[in-house]
Structures are given as structure tokens and as C-alpha cells.
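Next up: some structures, all given as C-alpha cells.
There are two complexes below, and they share chain A, which is joined by chain B in the first and by chain C in the second.
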Partner chain A sequence: MKESKEVPRRSLLTWVSSVALFGSAVISALANFVFLKPRATYGAPSRFSIGRPEEFPPGSRIAIEQRRICVAREGNQVAVISTTCTHLGCIVAVSDTGFSCPCHGSRYDQDGNVTGGPAPKPLPWYQVKLAPNGELEVDTSVEIKPGTYYTV
Partner chain B sequence: MSAVHDKISNDTSLSSVLRQLPRNLWSSVFRHPLPSSELGQAQTSFSNFFLHIHPVKVNRHTLKPTYTLGLGLMSFFLFVILTVTGVLLMFYYVPSTDQAYDRMLDLRGSVAFGTFLRNMHRWAAHGMVIVVFLHMCRVFFTGSYKKPREFNWVIGVLLLLLTLFSSFTGYLLPWDQLAFWAITVGATIATYAPFIGQKIQFLLLGDNVVGQEALLRFYVLHVVVLPLLMSLLIAIHFWRIRKDGGLSRPPEAEVAPGASEIAVKLVSPPAGKQSFGFMGLVRGPFVKVGNVPDNTVFSWPHLLTAELFVFVITLAAVLVVSLLFHAPLEEPVNALHPPNPAKAPWYFLGLQELVSYSAFWGGVGIPALEVLLLLLVPYLDRSPHGVGRWFAKERLLANTLFLTFALFNVGLIVIGTLFRGPNWEFVTPW
Partner chain C sequence: MKLALAIASLIVFAVHGVVFYDQFFHKWERYQTAYFDQARSQARSELERAEMEARRPRIEQILVTNFGAARVDRCTTCHIASDDPRFSGLSHPLKTHPYSTALGDINQAGRWVRRHKFNDFGCTICHDGQGRGLTEYYAHGEDHYWPEPLIGYTVQHTWKKEYQKFLKGKEYMQANCAQCHTEENFAGTPLIAKGRRLFFEKNCYGCHRIEGISDGTLGPELTEAGKKFKIDYLWESIVDPRAGMATSFMPKFRLTEDEVKALVIFLKSRKGINLTETSLALFRARLNQDSAPPAAMSQPSLPAPSLNLVARGKELVEQRACAACHKIGDKDGGIAPDLSFEGAIKDEPWLLEHFKNPRALIPDSIMPAFRFSQADFEAMTAYLISLKAPTPPASPAEIFKLFCARCHGEKGDGQGPVALYVDPAPRDLTKAAFMNSKPRERFVKSIQEGVPGTSMAAWQNVLSESQIRALVDYIFTAMVKERGRELKARNLPEQNPVPSSPQSIARGEQTYLARCTGCHGRKADGKGPNSLDIVPRPRNLRNSPFIQSISDRRMIESILYGIQGTAMPPWIDYGMSQKDAGDLVNYIRSLTQASGRRQLRAGR
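What follows is the complex of A and B.
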């Protein structure tokens, strides 16, 4: 009676080795995705300099298309807003009322809040800081709370 | 006959060997002469590598053009045409953002048949998306996914997804405005998936935006990974057709009209005394014990001529379309100036149309639900009735549901393709 409740050694070994074998196969397969995920990208860097604060006069909103950002300055406060449409990734144009997307007609106000069209969420704001060399440095990998300005 | 043969092969003098060389070469490659008897017809299908995928005999119902419309074969032949033209195009293509577009111009300007091969590849690809979809509709409306063909339906759904993904990855390779923005839009639809969307896009593009990394990744997927996966699944798809008893057909197609049924009594051997020949282990109706009157014809030549016919039709259609219409090539990529409207490839315009209403439902919710439902079709509909006939009455509900599903998707694609203009506003194409 007591013997029947015990797991026979052979089937226990079968189970353990199967799990080990199958587990290593799964882990090896998943490791491929680690390989496929680039650690460094060769395209545009996420952190870059956009020039000295004087290049952005108070009250200006200047789009830097290559970087897909818009630099807005009010008084001595600077903000960097993404110009990649949150709908399907087109580049939004700076307009009088804010931003408008040429692809599918999404419209945003000056702070990047959606005012019309299919865009699902507001344009993100990126971190901007003065670098030690006196130039403004933008980090598009760090999104900050919209409405947070950096004082220069 | 065999005595003559022995005499010839035993004569090993040089002149005799040389005289027999062509014949020996031929007979070493082809084991059987062109069949002149039923035994020969059977042996030909059985012993030839390229023909052994066929059953020796095939039910007459399978050969009815109005039943299958040849759509499955057409999908396969389009895949073959795409493979051949694709390999040829690879000889002149470089997956680099600096060179890809120029190579497209070279195909047009300085490569013999370059334009024509690109046209063939492009139109066969669009054709394959359409034909694979129609094949799925045929299988549904004839109830062919039912037991024991459930798993082959699942493989078919996976093949449909791989077809779409292959077409999508190929769309980027010309590196023109159409390609760049279609992929930008298409890849952004993926980011609407909660939690993992952004990660999937990054993994797919190798970067945050469509660029060199994305071009290389799409190229590798398009020319190696996806075709290999598809070849494997196609092989399983075909294998399962045989193992599931050939193409689906109604029960009355099993017996030739007019033949009287002979009851075959199966006697179970006493326990411990079972013995099986190989044939006894084979499932399906093709292995007959004794002379049961069936409704089959030999695959050679009946099935083969039918296949050849479909192949010729398919190839002819691709050739004619490629002669009449050129594959589009727009201006080279300008990452700063999206076209208005920017559209995904046409088969994803249904999704893009949905995304314009609701980001989550269009980008993730509805497509995921649709794929899940498609995969589960044979496991949800367990009724065994109405197999092997178009629009069987017993399947009115199932067919109506599927027709609604198909028309819903086609309708969205038509709206997205023809009725959406600048700013994604409603326009009329005329």
C-alpha cells in the first residue's frame, strides 16, 4: 500500500529530465529575442544637442523636422514637444493653433493636446536640459509631464 | 521481356555498354515507362518523387472544378511563382537605404526583363493575398473544416497570416514614398497593443523609426524566415489533406452513382491475435479491401491534368496582368514629408479605417478577436452536417455569420482604399 503512493524513481527522473530539456529549449528560443533586440540603434540618437537657448527667441515655436521635435519657448521657459503624430506616426506640422497632421487630419493645440481627428493621445513632451557647454540637450527617450517647462 | 533485359545487362562489352547508356540512364531516373496500364498508372504516382504526394486514385468529386475552383492550388502556384521571381530579383537587390531605390530604377532601366519580373512579383503577391482569402471562403462555405480536417483549417489560418506578413515585409523593400509611409503607418498600428505594442514595433523595426535597420530586418524576414516557415506549413497542409482522407466531399460521393452498395463485414480478430498489413494502418477511404465499388479515378492522368490546367491559368493571369500594368514606384523616401493621406498596404486599410474610429479596437481588439475566432472555427462548430456542398442548408447560420465577417472586412478595406482622401476624410472615387 505504501509503495503505490510513492512516485516511482523512473517516472520521476523522466519528468525532471523532460522539464529540464523542454525548459532549456524554451529559454534558448527566447534568448533569440534578446539577440534580436538591438542594444544600440544606428539611426538617430535619442539624446542630442539643439543649440544655444538664444537661438530660440521668446514666443517662438520652431520645428526641427529631422529630429521630429518642436521647441517652444515662452519667456525664459523652454519645452520640447514631439512632432510624431500619436495616431499613425506621421510628422505633424506646426500651425497657428498648435499642430496638425497631414496624413489623417489629427489636430493638436499648442501644448499637444488632441483637439480633433483620430489621434488617441496627446503629443509627448521630452526632457530638455542645459548641457555644461551651454547648449540645450534633448533626450527623446525620457518623456516628461506635459506642461513642465525648463527654465533657462 | 525480362529475359531480354537480363541478356542486355549481362553483356558488359564496351560497345554494348555505350549502346545501352542512354537507355540505362533514362531508366535509372524514371523507374517506370509512361503508363499504359492501370498498374502502370498506379506505379507512376507511387514511385515518382514529384508525384508521390498524390494518392494513386482520387475521388471524382475532388476533380469537379465548381467545387474547389482550384483556389488552393492557385495559392500554391502563386507561391511558387513568387519564389522563382523573388529569387531572380534578389540577384539585383541590395537592402540598403542608399541603394535600394536606385536598384529599383536599375531593374527598370538596365536589367533585362527587370520591370517584367518586378511586375510579376508584385501582382502575384497581391493575387496571393486575394486567392488565399477566397480559398478560406471556399473551405468555409463548403463546410470543409469539419472533423477530421480541423487542424488543417488552423494551419490554413496561419498560412493566411504568414501570407499577409510576407506581403507586408515585401512592401518596404522598394524604399519609395509609398513603401516608407505604408510601413510607418502599418508598424504604428502594432504599437496600439497594450504593454507589448511598443516593444513589438521596436523589435520589428530594430529602431524607433523606419530606417536602415527596419529595411534589413524586413528583407531577412521576407526572403528567408517567412518563406521557410510557409514552405513548412504548406508541406504539413498538403500532408494533412492526404491523411485526412483527401478533399472533403459529401457522403454520397463515396460510391459511384448506380453502383449497389456491398456491405463489408469487419470481423475483429480475437484479442492477442491482431495482425495488420501496412495498408490496414492507413486512414482514409483510399485503401480498399477487395472490390468495393468506389467513385475514384487514377491520379495519373486525371488529377495531374487538372493541376496542370490550374497552373497554366494562374501563370497566364500573372503574365497578362504583368504585361498590362506596371508595379508602382513612387519618389524615393523623404522621411520629412508624409503623403496625404498616408495609407498602409491595401489589405491593412480595413484596420487603418478601424483605427481612425478607435485606436485600441482597430489596432488590436478587433484583429485579435478575428484571428482567434478564425482559429477556433472548427472547434466551435461541431455539427457534422453539410460537409462537401456549397452553401448547404444545414449550415445556413454558420455561412451567414462567416459571410457577414468576410463582407465586414472587405467593406472596410474598400472604404479605406477608395473612399478616404486627404486628412482621411470621406471622398468619392468618381
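What follows is the complex of A and C.
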């Protein structure tokens, strides 16, 4: 009687410990995946506001060098285009015809398409929208289709 | 065995689970999700709703590069609605940062525009705290008043609960406003201006140094006080200086609560050298002469001289908190000598010169040289001169109590209440070995004429010769007690037998270096390596008023025969001749003559 009861209890304990140990091992293993992508960086934040729409008069193309973007406004349409050269990452200058890179002479048109030089890709467009506080908010982590404007 | 293993593994599992939960399910994620949900429900367009739908929690940060070292503020990770005006009615952390015209925000047709954009300024520049922290503890510290005052001041272990009620209020923020708004009378920081005024009015500047503002050396430097100390510590140090350090001799000032608060806020704003206050900036401002004397140098103006000089002097002495250290009438700071009858024991030129540079007359005095105007010094001198002594009491015991006990102590043991702060220390009148080795005439003379270069005043205008003799007799019977043997004058020349010459001084220096530096120190300032263990302290031989007042004979006698009751040995026993002593006297006199000349030059 006593013996027959002993066996299931023992195997139950074995079960419990192995499940628990296995579980902790799985948790620890899974936990490592969090390190694949850094959660925080010390760099510039990707979401930031650039000011009220009135600060960008219609027809203007204003470069904000610190943020590496160019704000283009036509009528009540706003777009934000990156000013980081797709060749080796210099800051491109805003010119009459579009953008031109001072480093190796890449040229882009007004929409950021490559028109000359070594640049392999067009300049990306970033998401921009009106934040609740009435300022334009740019998110450089979200690239949008070139040519899509935001209406203010 | 198996049971233990099962329990242990369950515990490990549970701990792992908790750690996992803690590390991967953050509070800020919940706050952000709540924000997204609410923002979505308030969305006015389909597009906006879709955007909110797409947003996932992530660490938000502001990188502030415009002011000094770059700082990273991640406060908006939890306080994600701080710039979203729709959330003004909610509670923290999902609450709009209030708008305020005092901060420069403007209301344009119902829509507020911030003056200090969070994007440019970040949060910790005003609120303090740790911008990188992502939990309440790491970001705020343990401060239950946050965000009203500065963050994190309660975490220090000396936190004093008694001062808790004073340390609350938005005013403390001014200390941080002043980091950028350094103008002296900036409208937004009235308490900084008040604190700065008090810093001068209460003579804090006499003892404390703040780079560019003041250069006292007695107290700790306060240039970076705001960086080093928390507000409760500053508050405590002002109202109760001895609470933090038992040996502090900072006086307790009579300050109202508002005044303490202003001082604390002013000190909290001192976080290093403010470039607008450096001597170069001050010099430039003075050159340009565009306005009144530059910030730091200007003294707050006191009410214009109204009544006569004495009344004005009295006003100044009272306002400038002289009684914080000295005793005047019934006010007693308990640190410095009694000024209640200063007019009877000092004369006008002495007082005036002592005001300007206390250490020219008493070289080891701790009194700071205050930067008052000449007119103020004259008025204060006039007031002190007007303070005459009361008619001395009849019995020598009462005279001693009234005039002598503050320094020499009730028992005459040199342990009066202010003795600690008087240098050279008051003589221990109970030390029979010393008292009996000197003729009584010398004590009579010291009382009559005072001892130059020390705090011992001349009492001849207050006490008659017979009163002084009675006092000396009283000291010998009541304090010395032991009767000494009859003294007979030693056979010593009145004048130094060795004429002063460069050779003699050089020989004296050799002897001095070989024999005297152990106690009197290499610089002859009485601070040699052995001096710490010696009471009374070795004499500062650079005290020129003192050295000049004593005769060659007394010096030679002290060197050759020692001074009984002190550590000065009789050097004649160690084979020193009168000639050697003469060289030493020449050397010692050469020191003070040189420094006397230096002082003169500096004074001119």
C-alpha cells in the first residue's frame, strides 16, 4: 500500500521539477531575443516636431540641417524629404533643381529622384503629420511613398 | 530529495517568470497603449485613427544639444501626452504639461504656443531628475512632491523630516530657470534676486566664496553648491549650521522663513562658474560702463544716510548682522569678541584700519575683510567709538566676569565661550608654571596696554591702575593659587648684542632651521609639525604687530631660558649662546620687517 503510493508521488515530483526547469530554460532562451534589436539609442530621436505649419510658407523648401531633412510645402501640401545622400551619407544641399551632394556630385530632382552621380537610390520621404499641439511632427522611422503629400 | 528539487525548480521557474515579466512588460508600454487608445477615440479623421492604430509603444526620447553637454531625456516615454492639449484633464502620467504665461507661453486664438518647446529644451533642464530613467524610481528619485520642486532631493540619507514642510513649492524651480536666465534682475526669478541680495546683506560673502561673486575663505566654497547639495541640506545648514558638522562655527543668523527659502534657491542655482560673472565679463562691463557697476560687485544699496553718522553706523551694524558673530549689548553671536564697549578699548584709526583689513592688525584673526564703502566703514567706526564702557564694578571678581571671561573663561582657564575662535588663544591664567615665571608688572602692562597682534585689548581707559593691580592680585589668588618663588631678574642685555646684518640673519636662519621649525614651522607661522599637540600653540613669529611690540631682551630671554608652562624649552641647556640667540632675534625680526613692508605695499 505504502509502496504503491510512493511511486506516483515520486514520478509526479520528477514531472514538476522537469517542467519547471525546462520552463525556466525556455524563458531564459527566449529572453535573449530581446537583445537582437536595441530598444534605445543615444542618437537623435526619430519622432520630433519641426514647428507650426505657418513657419513653412507655401512654395518654400526649407532644409533643417540638424535633423537632416528638407520640408517642402506647396499650397497646403507638406512633405518631408531626407537630405542624407544615399551614396555615402553626406548632407545634400537644397538647390534650384532639387538636391545636390557636395561630396561626390550626386544630383537629385525636386522629388529626390537621382538625376546624376554615384547615388544608387532616390532620397526617402518621411511621414509627416499634424500633431495635436498644432505642430508638424516628422517620423523618420516611417518612410512613405515618394510623392505623397500631407494636407495641412 | 526529489521534493526539495521540485520545490527549488518551481522557485527558479517563478523567479524567471517574474524577471521576464518585469523586463518585457513595462509600465511605460501600458501608458503608451492607453494613450494610443484614448487618442484614437478622440481622432477626428479616419487617417488619424489609422495612424494611431499603427503606432506601437517605443522609447521616446528628446536629444538636447543646444545647451552645454548633450542630454537625453526619455521622460516623454511615459509622459507621452505632455504636449497633447487634449489631455489636460487627465492625471499623471498621461497629462498635458500645463501652459503658463509666466513661462512665456502664448495663447493664440484659443491655441497655446509654448515658449520653451520640449523638443529644444527637454524636461530635466527645469525639473531635474534622471532623463534616461525609464521607471519612476530611476527618473524621479524618491520625491513625493514631484514635479513641484526639484527631483530627487529626498534620497539623501541625511534627509531631515523637520524641514519637509518648507521644501515644497514651485518657487524652487527658479533655481533652474536661473541656469539660462542669468540676468541679475530677471523678472521670472525674483527669489534668486532676493537670495543674492541677502547673500551680501547678511555678509555671507565675507566667509564664502562663489566664483565671480565673492571670495571669502573661512567657510566652504559655494560655487557649485547647487550641484553638490540638496535643498534640505542647504536649508538645514543655514538654519542650524552645527547640525551637519559639529565643529562648524558658522553663526546662526536671524532669518525669516522666506529669507531662508530665497537663500536656498539662490544657492541651489549656483551650479558652477557662470560665465557672465567672471572677472573678464565684469571687467568688460566696467569698461563699457553702460550700466551701473556689474552684477556681482554691486552691493545692495541700503537706506540713504539719514540721521547722523552714529545712527547710520548703528543701522549698518544691525543690518549687516555683525551680532551674528560678535556680542553687542544683548545680542550675542557667540563667536567673536564683545563690542559692547569697543569705544573704550579701541581708537578710531585702529577700528577703521581693522575694518578694512582685520589681518593687518591681528594676523591670525578669522574676521573676513568685508567690502563695504569707506563711508559705511566710517559710520560703523563712529558708532563703535560711541559705545563706552559701563562704570567698572567694585570687586575685581566682577570686573573679571564682565570684561575678561568672554575670552579667558569664568575660571580663567583660557576656555571662554569665544576662545576657540581667537588666535592667538587667550592665556590660561590658571597655569601656575607660566604665571609664576613672569613678574606681575608684565601682567599689569598687558592689561593696561593690551597685546598688539592679538585680541587682548588695552584697558587703561576703562580701569584705573589700582583697579588693574587689584585685578592681577585677584587672578593670582583666585586662579593661579600656587605661590611662586621670588623672581630675580636675569642678567641679560636690554638691546640685542648682535647688530643686524645679512650675515647675522643668515646665521640666525641656519639656527632657526635646525632648532625651531619643528614647532614654529618652516614659514615661522607657528604651524610646525609638532604644533598640533602643543597647548598653548607655538607663537606665530610672522605676527608683526606682536613681534614689533616686544623687546629684544624678552625675546632673548624666551629663547635662552624657555617659557615655563609652555613647550618652549630653555635653549641655553642645549648649548645655545647669547650670540646665537641674538642672530635668531635678527632673523625673526627680518621676517616681520619684510612682511610689514609687503603689507604696506599691498595696502597702497
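Going forward, the second predicted complex is superposed on the first by the 115 of 152 C-alpha atoms of A that agree within 3 Å, B and C clash if a C-alpha of one lies under 4 Å from a C-alpha of the other, contacts with A are read in each partner's own complex, and residues count from 1 in each chain.
Here is the rule we use: a residue touches a chain if its C-beta (ideal position, glycine included) is under 8 Å from a C-beta of that chain, and two chains touch if they have at least 3 such contacts.
Just so it is clear, the structure is predicted and the values come from calculations on it, not from any experiment.
Undergrad: Check the residue A:Cys90 against both partner chains and state whether it touches chain B (first), chain C (second), both, or neither.
TA: first
Undergrad: With both complexes overlaid on chain A, does A:Lys129 touch chain B (first), chain C (second), both or neither?
TA: second
Undergrad: Is A:Leu36 touching the first partner chain B, the second partner chain C, both, or neither of them?
TA: first
Undergrad: May I ask you to name which of chain B and chain C touches more residues of chain A?
TA: C
Undergrad: Could you tell me if A:Cys103 is touching chain B, chain C, both of them or neither one (first, second, both, neither)?
TA: After superposing on A, A:Cys103 lies in contact with chain B but is clear of chain C.
Undergrad: Between chain B and chain C, whom does A:Ile64 touch in the aligned arrangement: first, second, both, or neither?
TA: neither
Undergrad: For A:Ala44, decide between first (touching chain B), second (touching chain C), both and neither.
TA: both
Undergrad: Could you tell me if A:Val152 is touching chain B, chain C, both of them or neither one (first, second, both, neither)?
TA: After superposition on chain A, A:Val152 lies in contact with neither partner.
Undergrad: In the superposed arrangement, what residues of chain A touch both chain B and chain C?
TA: Of chain A, residues 42-44, 66 contact chain B in one complex and chain C in the other.
Undergrad: Chain B touches which residues of chain A in the complex?
TA: Counting only chain A, the residues touching chain B are 33, 36-38, 41-44, 46, 65-66, 68, 87-91, 102-105, 117-118, 120.
Undergrad: Given the complex with chain C, which residues does chain A contribute to the contact?
TA: Within the complex, chain A contacts chain C at residues 10, 13-14, 16-18, 20-21, 23-24, 27-28, 30-31, 34, 39-40, 42-45, 47-49, 52, 66, 129, 131-134.
Undergrad: In their shared complex, at which residues does chain C touch chain A?
TA: 2-3, 5-6, 8-10, 12-13, 16-17, 20, 23-24, 39, 48, 51, 58-63, 65, 72, 74, 83-86, 111-114, 117, 119, 134
Undergrad: Under the stated contact criterion, what part of chain B meets chain A in this complex?
TA: Those in contact with chain A are residues 181, 184-185, 187-189, 192, 202-203, 206-209, 211-213, 336-342, 352, 355-357, 359-360, 422-425.
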